[in-house]
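Two complexes, one shared chain (subunit A), two partners (subunit B, subunit C).
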Partner chain A sequence: MKKNIFSTNKVQLLIFLLPAFLIVLLFYIIPIIITVYVSFTPMRNWNIDKYFNVIVGLQNYNRLFSLITRDPVARQVVMNTVVFVAITLAINVLGGLGLALANFFIDERVSTGFRTLWLLPRMTPIAVYGLLWYYFFHGSSIGMLNSIAMSLGLIKKPIAWGQEVIPWGPWSIIIIVNGFVGVSFGMVIFYSALKSIPRELIIAARVDGASNWKLTTNILIPLLRWHLLFVTTWQLLSLLTTYAHTFLLVEWGVVSRTYGQTWALYVFNTAFGRGEQDQGLAAAAAVILVIFGAILGWITVRALGFNKMITKPKGDI
Partner chain B sequence: MAGNTTKYAIIGIIIIIIIAIGAYYATQKPAQTTTTPTTTSSPSPTTTSSPSPTTTTAPPKTVELTGDFNKDIIAVGKALEANGISEVKFTVWAAGDPNSVMRIYGIYEAAHRINKIWADNGINVKITVNKYWISDFNQLYQEYLSKQPLGQAGDFFVDSYVFIGSLAKEGYILDITPWVNKYWDSVFSDFYKPLWQGMKVGDKYYGIPQDTEARPLYIRKDVAKCIGWDLSNVADLVKEGKFTWKDVYEKAKEAVSKGCSEWGLIHRKGSAHPDLIQFIYAFGGKLYDPEKDKLVLDVPAVYKWLYVEWKFAQDGLLPKDIMSWDWAKQIHPTIVEGKTLFDIGGTWYWTEWQTKDYYTDPNTGEKRGLKPEEVKEWFYYTLFPAGEEGLKPVTLSQPFAWMINSRAGEQNPKYDELKDLYHKLAFLIVVKASDPDINAIHSVISAHVPVRKKATELLYDKDWINKLVNLQLDLAPEVKDNIKDIVATTVNEINVEFLANVSYMLDYTHMAPNHPKYPALADIFAETVDQVLRGQMTPEEAVQHIISRIQADPELSQAVEIVGEIPGGWQFP
Partner chain C sequence: MARRRGKLLLKYIIINIVVWSIAIIWTLPFIGVAMTSVKPFSEVVVHGWWSFIGNYTLKNFIDAWSNPMYSVAIGYRNSFIVTIPATIAPLFIAALAAYVFSRFSFPLKTLLFIVLLVIMAMPQQMSVIPLFFMLNSMGLYDKLQGLILVHTAWGLAWMTFFLKNFFDALPREIEEAARVDGAGDAQIFFKIVLPMSMPAIASVAAIQFTWVWSDFFYALMFLVNPDNYVVTLQVASMKGQYHIDWGLLSAGSIMAMSVPLLLYALLQKYYVRGMVGWTLKG
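On to the complex of A and B.
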């Protein structure tokens, strides 16, 4: 009897995996390969015909190294990125956790509205959301923050928060704007994880007299370790590569170009946003970003005990 | 199990790669077949060895330009018709202030005139034009860069000459040298010669001047009167180098301290190029060394420029955040409402203030444009003063150029076959768009200076001006419709007189280099001057900052020569 090749499990497996594999190949692997390749070419001004087949070796990486070590603006970009990612990550993870716990302890009917409110920054189109913050932090008297501060007598004349109060003014703005978007992600993940914790554990703790604090630190957070790991790693990588909100605030002049530009935005501006559009150099900067992202992601996974978490439990289940 | 899965995954990858390679070749094949007929199945006796006794003449794929416009355009029209083309589509991309619409409609009008010549000669071909317009010329350049390689950019690109260097280097615009040479005697010898320098890269032409301008220092007469300053001979003092930026500072300070104006000086936002670059020339500096073909960072001149900006801003005479002000909501209203004594502007401001509603009428509270009489009554203008005594006043021109996309005509049929014909037609359209009357209309409605003598002569022709006011000139209906409102507001004796009065400024003009690395240097200037104005850097720190940034980039440091040192003991004012 002739065997139908589609009947074997492995072939079926391959067929089912193929669509997802193609998507990963097309939208992840090939772009990475192209980016790495372009970083070894003098590609600029979109001139693929002229530059795509020209290999210049490590020239772009040498230029980038020279810029990072000697160009004050490139150095500042590195510093901006470190501060932005570290503080926003802490806000996103801890803030998300705090919001999820708050939602967990309050009445379900109230918490639904509360959660929706926190999701608004994520649901609002980037340009609209950026515009709201533009008017909030605007350096003239039309800025809401200036208007409030002046009416309360805290300041006598408007302050350009993102331009004059350097570096913490622009840093604070980009952290706040991105933090409000990111915090809702952690909240959703942590809240759904909290809701899936068996009620018996919580009831047992309550019976034993556990306060909210004890319940949180001894029961809930230990059971959220997997989710903490996921949210931390995900947010870390997202923050390293995000630039859309910051781009708008810098372009609109609310945030200083020097002190508001992160590495991801530097990549974008180098490739597309300047008088000379240097895609080769930008690709090299992007590759460095990917490498750093991979290393930091790996460190996060190791530090938060990923291996331990996926170890088979000892004893009988 | 895991080993087998890996094996199948590898097989899967190999299959995908094979499919991808197959797909690549499958998509390549039609491209080859489409080009084949042009060389093998053409009925042309010159490309086939067909023994057919009835030899038919192949339609010409190109024509030789002679410098005689009518002859050339008819030859092009006939060649297109012979190749079965009945319509040629072109798109023009342009940028600029709201009154500079002839950068678009100049091409429309040229197409209209050529269509008429063809119709009169029985040629059944028609040119149709589409347009794309934005106000920011830098943004238009960036769009052109990204879309040209995709074949999505305009066939005509009307933008600053300063981009010619980089666009020519990338091969994004046509080298039109042989055609310019053919038309030199009949057309281009009439153009003001200095403008051609900006159109060239090496000894090759890549653009044709479309307009130029001067950048006067505007002085509010009412504010000057408030501080008791008689302006009657100031323009002459500036010309002689006796009224310098030190005097500008003193007057600005007086105006602010006496409460006559909120600010002493206002200037552009966003970029240092081109307006602020004038300071470098005013302090006797240079930006380019033609012998070495290198950009120059003239340290003493750049230091003095940044010091002047810093001093004005620190003393509250110039807004510290001017580089992020809004043109329509802050910069122009501040000037037209008399809240500043000085403004570093451009000739086109003169009519822009009349056509745009920047002014809030104190009687009605409504926004409106200024009347020509108000502009004349309120504004005095001079050259950009010398930086200090012993130096000369300057102005800076940024001629706009008609540039032709190296893929011009690509949206039309048989492009590969008739490419040369389409390119020559595009060039001839630009020749036509340079007609004296088209250039003169643009000049008078947008307060730009004409690029050719015959256009200048028209500005002095009262009969022609009257015809323009009444739109009795023979123009395409679409052009008339689109300029009638601007004409009604701007074409008058006051504006024509203004153009005549500022034309002497071109004798003092400078042009920033169209070097491919100039945009990168200009970006550094823009960011640095912003920080200096905000007080985040002293002028000394700013100069060191610029030097560090140039030296940090191996490519830029090779293109820029750093000359001189920060002058010790120099004082301002």
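On to the complex of A and C.
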């Protein structure tokens, strides 16, 4: 179907494509190549003149590896990343599925209102959403959580939730904040998929006496397999690389730096953070992150059986 | 029959209780901030932010709007200066490219499209370090123009992908008829394809506008002077190192989020279509 069905004017088509091509080249492809290159240089403190032409081979990668094996802070970064990604991913996928099913079964008018509500965290600017949670988890008696808990008599004096209750305090906060944003993505995808299931299938199951639970496990979830795979992979990759909310929570002291820093944030802080800025090491960490993400994404697609999923289920429904 | 109905009613009530309590927990931080912003802080300390009694005031909003250090007014101005071009420019450029991808065949087409998909999956970390010294060397560091360019580039890949999928689904008969009548590529694109694509364009524009308005990190990295700060940076900077004016901070937060939330309320349908459409196809 993609034949030249139209009489094409080559020059005109080139003009159509050129702006996009130039911008992508300048702001994506060249920067990505430079990042890979910088990971082989000792670049630090943005001293381009001094370091840009010095090649040190795999030195940054070796340093990164020895940091992970020997330095307790770097090892904690790996641990934080594993816990954060695993739990938040589970919340995002299962929570999104749960919300979508809840919206599917409750009254249409009510569910419209709720879906607006669930998307609230996603529509709120990152800095503002960070500020909301800063206020919520603040360690003084002004903090919303502390003020509620104290007036209910649950605690005697305010608790710095992200600094004291190690390690689950800081972990819970970064998981809650990112989970509330992420869960809406799965919900929107799953809900629209549920809505596109032919009504006859559901009515037929109802006539056969299927309960909500039976309907969900035997019909709805099998039909959502492709969407489950997609949301899982997509969320896995974005959780691996997200750092925006976490950065603010750590920077503002809501969450302890040691227990709140994930790999993605480590890349950012190494390049732009306080103290010595080591862009060579940061670039190496970014390259490792992308390679790791690609491998994990591939494993997820394989493990969840992509081949089986692209063929629509038949017969048993 | 009556027992069955009773059981159904009970189930209905339980489901509603569960859903409503999740909703309240969900919105608790929003409610807290809204309450703090409209009450004098001395009363918030005494009665707690959940208390409806006492005085209400707009002082926090006025202070945040015209704050001498970091003002929402300047933030709004800068945010609009950045967000409007950074929504329209990539939309236009992406629509042109997507149309070519959708309708014509040319050498390297498949390769270019794969490059586009790979770019969509690339995290920010892979490009920020070079972008920093590129903007520096172009003299665009600490300039709103630089930020517009970065956002334009960031939006291009997924917009092209989204719009290509949309164009693929458009019927071609009208275009073919126009071509028979002697219309050129540009004429067909501007007079026929773009007007037919308004729903997709609305989706893309709504999502990109929210993304650019809400951005914090590109602004943080590429802007230095508080006069250039966009609204998210202004509000985040209101949180002083030692002294925190919770009322001011809450009012600023509400003003910064009101623009994307208002847009979302107006264009909700397009947002959802946009989120579903560009990620899932076929």
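For the reader, a short list of remarks on this structure follows.
Criterion: the second predicted complex is superposed on the first by the 277 of 317 C-alpha atoms of A that agree within 3 Å, B and C clash if a C-alpha of one lies under 4 Å from a C-alpha of the other, contacts with A are read in each partner's own complex, and residues count from 1 in each chain.
The rule we apply is simple: a residue touches a chain if its C-beta (ideal position, glycine included) is under 8 Å from a C-beta of that chain, and two chains touch if they have at least 3 such contacts.
These numbers were taken from a predicted model, which means no experiment stands behind them.
Look at A:272: by the touch rule set out above, it reaches both subunit B and subunit C. By the touch criterion stated above, A:20 is placed in contact with subunit C alone, subunit B being left untouched.
Within the superposed three-chain model, A:262 lies out of touch with both subunit B and subunit C [touch as defined at top].
In the superposed three-chain model, the partner touching more residues of subunit A is C, compared with the other of subunit B and subunit C.
In the superposition on chain A, A:119 contacts subunit C only, with no contact to subunit B. Look at A:128: by the touch rule set out above, it reaches subunit C but stays clear of subunit B. When the two structures are aligned on the shared chain, A:163 is found in touch with subunit B, with no touch to subunit C.
In the superposition on chain A, A:12 contacts subunit C only, with no contact to subunit B.
By the touch criterion defined above, A:48 reaches both subunit B and subunit C. Taken together, the two structures place residues 13, 17, 21, 46, 48, 272 of subunit A in contact with subunit B in one case and with subunit C in the other.
Those residues of subunit A that touch subunit C in the complex are listed here as 2-9, 12-13, 16-17, 19-21, 23-24, 26-32, 34-35, 38, 46, 48, 102, 105-106, 110, 114-121, 123-128, 130-136, 142, 144, 147-148, 151, 180, 185, 188-189, 192-193, 227, 230, 234, 237, 240-241, 244, 247-248, 252, 264, 267-268, 271-272, 279, 282-283, 286-287, 289-290, 293. Residue ranges of subunit A in contact with subunit B, taken from their complex: 10-11, 13-14, 17-18, 21-22, 25, 45-50, 62-63, 66-67, 69-74, 139, 160, 163-164, 166, 253, 257-258, 272-277. Across the complex, subunit B meets subunit A through its residues 4-5, 8-9, 11-12, 16, 138, 141-142, 145-146, 148-149, 166, 170-172, 320-321, 323-324, 516-520, 522-523, 527, 530-531, 534, 536, 545, 548-549, 551-555. Touching subunit A in their complex are the following residues of subunit C: 15-16, 18-19, 23, 26-30, 32-33, 36, 44-45, 48-50, 93-94, 96-97, 99-100, 103-106, 112, 115-116, 119, 121-134, 149-150, 152-154, 156-157, 160, 172, 175-176, 179, 184-186, 189, 210, 213-217, 221, 231-233, 235-236, 239, 246, 249-250, 253, 256-257, 260-261, 264-265, 268, 271-272, 275-276, 279-280.
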